[in-house]
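Read from first to last, the chains carry the letters A, B and C; within each, the first residue is number 1.
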């Protein structure tokens, strides 16, 4: 029984330029205590997915077409605003991409952590503040900085505060949307390590959104590769890394430098992500795929099993074949 | 912080001296001969010249300006030509009334304008948003004195609810006579406050920290006030502060329409009677009031935004 | 560092585009297209153009008829029609001297509009020069100019206008001055800010590199590139100016009687409010619609010239 289950999720944005098909029939599962990595390049609707689970899509433009997000036997898409508020923060918490902008500049970090606590535990202000101090210590910030404002912290420290806010109410699921992208490389590893440790300590499940396969390799149990609003490959990190079965996953892999491999040059994925208002009819990746044939342009491939739970969305796997 | 306030207060001195210099200079361009006004048309050239000597009217400009400042420091704004009393007395008698009117006006524009702006932004493109913004456009474009006339026409002459002019006696009398002038005076700044609040709120609504707050499960009303409005306030405070100047100017018109016994009406009477010291006194008073309000606004920023407070603590001004 | 930036930019764009400041033609054509799309702003512009046409038409009529119509219908008193209400003959009724209000409103257009526009143009020239010099040279000149502007800013504009008129006496020129002077510091600030934001851009450096003098740089490169915010502010200020003109005339210290200035028609309304409501309603509506149109045009210009600001 999955802990969080996304079924056939379809999300659109209505913009001036037309309807953007952000998520197209996405199915995804997340198990208790595991970390699922969601990988894809900019514009692949990774953030949309996260906001959709939190029900934080922009109200005016975002529209959930169909689908279910089942968390603890409850469909989050059917939950009332009131119910959703009780789930947000207490059950599911989120860490946003850019720590520079995700903290309120006019409130102290203590107030911002305590706000979550007060809200869900209905405790006194003093108790909530004590919890805030505790959380700060937990993420490696001295408790006496509780009364300081965000502008007094560095980027990495801010992200620690954001993490403290997210974990303040012991959520069961943590959604981290590119938590380290905006940080210096040296800080990235620290923050990720800390998140990993806290996750294990608090037994939290995590949905880790990133474009960095390295981050996935180090932190995740399962990985889902998303392209143009579609899951194109899914499996355990081990399986997927061992046997990359979708051309896009391969492209992602060969476009990043490897320290231990003797590769002369990086191979970028040619072309650009298709215009999300006019997605191709067949395989979404066909415009950039070196293996694409007529069928790929015409028909939309389903998910084909590779091995065990490992699946990929490519016709080349139809008959149990492999990529190479 | 206190050091910054002190610094600002010290810096206020040259600004005030400059302000008074400008006003004094403008009024000095007048070709009205004070001695002539005091003595009347019947006086001989000789007596006029004698009074010139006595009052030091022929001294160089800067000397007279210096003397005016010196007297001002002693609370002396000269003698009114028409009332034959101290200008300062006349002004002090009327100042509380102008304070009351302008204060109520600012208060009204804040407690009406800001909520309208917040609601309009929260419900962008809704009927409420459209209607209130159209009303604000009209409000900002209407001459305040005309609105006053229309209000008098409707509420005094036709409905008889509020007095058309003057200031009532007793608490309720004053209150009743305050309603129409205060509404008239506040109209423009209410419209500006609502418009500024709306556009500033629309900026903050999109900020990431609002999503962070939502992700915490905080209720929408708390998010609106604590996370959106507090961050949206700086431009609103700036607009309201700047509008206080417009409001003080408007008080001259409003006080004239409603025969409100304040400085604004006094200055117009004084102009018509060519009572230069009174005009000068009134203009100086209004300008000083505005300067002080500007300082208060600058200090208010620090209470709203800790980043500005930090700048102040380091003795730096607000980055403009 | 700036050198690097320049050369990087040069690779992307043709050199002359950099020197003339890429934006010139495309921006204005684009802005006009966006402006046209804004229905309210277009309506505002039509109203303003109509009023300008009316004002010019009355001037031509006065010139052609040697003020005959002006004297006969706008100025001449006809006490038998004193405070007459609206009728077929006088659709907006008559004022306290029996003069047709519609005629007075039509002939009054020139005061509000021309004094409003000219006073802001004057303020724009003074404020523009001061602001441009302050912004371009910075340092002590900037400091001196801006501190003086701060002092002017600390006097409420209407209060300063009243002071100027009361010192200089009433009359069209003094009125113009009294409306104009308080606006100078406001416009100077805007010009200074935009000059400062433009003066270090690549095309200015490129011009300097080929030996252009300060004056040439300011007039040819800097000013054209910071016109957008200046135009927006100026169009909004004309509205304020018209309100102030009406206010001063209402107080009896603006345009001198018997000239049919809109605000001065309202001045009479106060005395006769009980007997003739029409005098107080219609001129105010006309002023409001004029200022409203100007504000709509100003807002439309702002959205059209700086699409980023629009939400």
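Keep this in mind: a contact is a pair of C-beta atoms (placed from the backbone, for glycine too) under 8 Å apart; a residue touches a chain by one contact, two chains touch by 3 or more.
Computed from a prediction, not measured in an experiment: that's the story for all the values here.
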Practice problem: Can you pull out the chain pair that has more C-beta pairs in contact than any other? | Solution: B-C
Practice problem: Look at all chain centres (mean of CA atoms) and spot the one farthest from the centre of chain C. | Solution: A
Practice problem: Would you kindly tell me how far, in whole Å, the mean C-alpha position of chain C lies from that of chain A? | Solution: 53
Practice problem: Indicate the whole-number Å distance between the mean C-alpha point of chain B and the mean C-alpha point of chain C. | Solution: 23
Practice problem: Show which residues of chain A lie in contact with chain B when the two form their complex. | Solution: 51, 54, 56, 60, 81, 84-90, 93-94, 96-98, 101-108, 112, 115-116, 119-120, 149, 151-152, 162, 165-166
Quiz item: Where on chain B is chain A touching in the complex?
Solution: 124-125, 207-209, 211-220, 226-227, 230-231, 304-307, 310
Quiz prompt | Of all residues in chain B, those that touch chain C in their complex | solution = 15, 18-19, 21-23, 26-31, 137-138, 140-147, 149-150, 152-153, 157, 199, 202-203, 245-246, 248-250, 252-253, 256-257, 267-268, 270-272, 279, 283, 286-287, 290-291, 294
Quiz prompt | Sites on chain C touched by chain B in the complex | solution = 147-148, 150-152, 154-169, 239, 243-244, 246-247, 250-253, 263, 266, 269-270, 273-274, 277, 280-281, 283-284, 287-289, 291-292, 294-296, 311
